[in-house]
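Each of the two complexes below includes chain A, the first together with chain B, the second together with chain C.
Entry: the complex of A and B
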């Protein structure tokens, strides 16, 4: 991308500011005249390629790749913060010859939810608010892609970025567990459950983050909206659960968990993925309530897609 | 290139296009109309992004209602508004837009370098767009519309916000898009004067209806109008005014300027030249006043005059 201007025949240049007149190289008796306009006869890869290009660009952008050095700082720091505890857990397990990792594969993302939240708050607005604010969206829609392609590419890229962020420590834990010669079958099962858990988490969080960001063309508001939504919902849910637990523990604790993204994931994996719930007293939903959790998550993911589609209906041109 | 048949677009409260039938061939075509005349609506429909209420439209022989993606692959679009992210360089941005048009990565980079050079962006193309002047931004916008080598580009008010020099450069560039690059152009403007220099063909719409469609030469046939511009002198601080009075006294008919708002229009006198002797009269009068004659040239009709005339006919 940063090809120096001197590699290919360089007609023009600063000596030729007005237009595309003949370019004259500084050295040599031979004058290289403007090669003129060249037609493009090569392949045009169409709509699905364009959509994949947008997906790749957005995914790389979430980690600051292909952007300025400054915009790499935060995502890279968060990525490191996400992985560091996993590495420590592994180190301790290997040194002490432990039979188990200190932290479950499914539990890890719940413990580090703040880091995930920060990453989402920083990168979701980066992904969609900029296009809206600088009105680049109409340009996209003047290309072969359709509204659906744009939304899917952005949604996919945001979720993939979250998946990369959340799956990395799970992989570290798994590799560490195998190095520490823990039981292969147990660890692989736990690892698989962890993968499913962070995949669902990535879809859910990606959708919520993009919807919030897509309604706030100003990046700062987008950041604040994402953080506020995650913190307030989790704060309210966990406080209510704690109050009920301290008073008369009841199934209400389970149902309240439906109202914040992270407790939704917690409930889902407690019901189906063998996780230990982080709810007070460790009482997560059983299989029956787990189905409701699953439905709510699926509804939120589908709803996020629907809202984004609606949002971009008005933006075209 | 573009054909529409009874094309209408109605919104709940306004009719943007009203049974518009057009047939636009290759070359540079100007789409002229006041703000709100339906130009942008027309472009949206041609790109297949907004369904027409009734009627049909085809671009490059493809129906807009069914082949939107194919059309957009072969057509470039330069929006009227700002659309550039400030924190990336022109090169990065145009490469990305080239890929969004379906160009493979290597071709996207090569075409970006070529296209940016053709629109006149050199070393600055590696700097973030946020630091560019309006003229440079317009060039980047044009470059992203041309980077995939379309057969047709739709330029929405490309001279907006430019100073007179920038305007001339942009218009020259648009002309070259057709003559040198072989790409047909549909350019919208609310300034008629701009388009007569640039376009082969002009379509005038007003209130969503076709007012007139014909070649630019039809609009601006040679007339017997002389444009005269003189200098001021110490004796006559307002040289133009002095000449106007003197010519009127000599019985020469003076015409109203067609573009009173344009810079410099106040310094140009338009004289109706019925015979050869009018040239002599003007020359002698200028000499008697002791003014410098900057230019005396035959004028073409401006499209604006025709447009005004058409409007009067329609409203009558």
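Entry: the complex of A and C
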């Protein structure tokens, strides 16, 4: 459809009688100028497309892609720091013709938890706090996406970003193990267990990070809240476990592990994924306590989703 | 060199609303853990030293230092309201020193006092352990506040950099590379604690004279440079 611009009356509109000089309004002498506004009649991409776009943009943003060069520095450094030890482990294993990798697939994320924590603390607030602070959340909700879509897209993006970060070294370890001609069956089984472990870790950490970040419009404060939660809970739990282990070791070590995210993951993979626990003395939970660990993790993930949904019922802060 | 109005505004920014929540949670957690440990294990010097050294000095003091040090100036630079403060006839170094006093006071109040209480709960100040760690917390508060206040004026990512220093440098590298411990506020403060506590209760990798000199130099240097930074502050736009 092509409408010529000019002073032609719109088709079907009432005809205007006669031209009128400027500044001389006369009853019935007004004229509607057609300045060529068009109605959009292309395809409408809809709600799921908007949600996918938000997901992609948030995921790329977590690694600084599509943002300024300065914001790429930190995530890229953390990504490199995460992968470097894996490459070293592989190099050592290949050179020395070892029968096993020095570090287990499931153990790797536990060892480098500080890097994961820093990545989450730096990226979760940039994902949600800035939307709140610059009041862009109302603009998102003026699009066809619903509250659920926004929360799911952000949650999914943060978890995916953490998954990319944690799975990369596991893949490096696996490729290295195959190059070093280790037993294919053993390594593949360990690799699968590692994948499940980091997937659960990503969901759990992503949820916790986003909940803490979503309650503050200030980036700096969000960063501090996320890292404080992770470090303090782990510091308290591991100190208590060490003290109990030094005294009379009991099952209390297992139950205290429920109170920090990283020991939750540790306990879960010790119970079900054949990992060696990093708890003092290597005494992880058995299958029975493992079910409790699994329930707590599931509860925390579902709880973070619920809290985020509640949080965005009102868009302002 | 001390401006009461600036101090009042800084106190309100630091202790207002949710920021204060983190500041209260940490000491409360320390005291709860100490109570639990005392009930389970009874009074024991080794346990007290482990808990105060591992949790209070290594985790709590740096975190509170980061929150108070960067929080004293960071948010104001972040949202641009520092302009209204700088346009008043107050010397820039005065602004920095006032904010430093406030940050030190807050860090000390929320880290040293709980450390003292926890120390008395754990073993009733046996072997001077509670006093030793409290002194370490007090000294570390001064150095951390100055350091992180400087970071707040230097970078917009002050909190992240401060946390990287506190967690990655002091905890991770400090435990793997012995040389890194020489450049660690925590070890300098522990050098003082080592002097006060009974034999073998506290250990530090830095000698006392070196620790004192480094503490004074770092605190003074950071404060001076923060004042310089504030004199030539450019307000950056949001990235």
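Note that in this section the second predicted complex is superposed on the first by the 274 of 317 C-alpha atoms of A that agree within 3 Å, B and C clash if a C-alpha of one lies under 4 Å from a C-alpha of the other, contacts with A are read in each partner's own complex, and residues count from 1 in each chain.
By our rule, a contact is a pair of C-beta atoms (placed from the backbone, for glycine too) under 8 Å apart; a residue touches a chain by one contact, two chains touch by 3 or more.
The shown structure was predicted, so the numbers you read here are calculated from the model rather than taken from an experiment.
Give one of first, second, both or neither to describe whether A:122 is in contact with chain B, with chain C, with both, or with none.
second
Give one of first, second, both or neither to describe whether A:242 is in contact with chain B, with chain C, with both, or with none.
Touch status of A:242: second partner only.
For A:282, using the defined touch cut-off, is the partner it touches chain B, chain C, both, or neither? Pick first, second, both or neither.
The answer is neither, since A:282 touches no partner chain.
Could you say whether A:220 touches chain B, chain C, both of them, or neither, answering first, second, both or neither?
The answer is second: A:220 touches chain C but not chain B.
Could you look at A:232 and tell me whether it touches chain B, chain C, both or neither (first, second, both, neither)?
Only chain C is touched by A:232; chain B is not.
Could you tell me if A:185 is touching chain B, chain C, both of them or neither one (first, second, both, neither)?
neither
Applying the touch criterion given at the start, work out whether A:67 contacts chain B, chain C, both or neither, answering first, second, both or neither.
A:67 sits against chain B and chain C alike.
Contacts for A:114 in the overlay, against chain B (first) and chain C (second): which applies, first, second, both or neither?
A:114: touches chain C, not chain B.
Which chain, chain B or chain C, ends up touching more residues of chain A in the combined arrangement?
B
For chain A, give the residues common to its interface with chain B and its interface with chain C.
67-68, 71, 134
In their shared complex, at which residues does chain B touch chain A?
Residues in contact with chain A: 40, 43-44, 47, 49-50, 68-70, 72-73, 77, 79, 81-88, 91-92, 95-97, 99-104, 107, 109-111, 113-114, 117-118, 120, 122-123, 126, 128, 144, 148-149, 169, 172-173, 176, 180-182.
In their shared complex, at which residues does chain C touch chain A?
Interface residues on the chain C side: 18-19, 22, 25-26, 29, 33, 36-37, 40-41, 46-47, 50-51, 54-55, 58-60, 63, 66-67, 70-71, 74-75, 78, 157-160, 163-164, 167-168, 171-172, 238-239.
In their shared complex, at which residues does chain A touch chain C?
Touching chain C: residues 67-68, 70-71, 74, 114, 117-118, 121-122, 134, 215-216, 218-221, 223-225, 227-228, 231-232, 235-236, 239-240, 242-244, 246-247 of chain A.
Per the contact definition, I'd like the list of chain A residues that touch chain B in the complex.
1-3, 5, 8, 11-14, 16-20, 36-40, 42-47, 49-50, 53-54, 57, 66-68, 71, 130-131, 134-136, 138-146, 316-317
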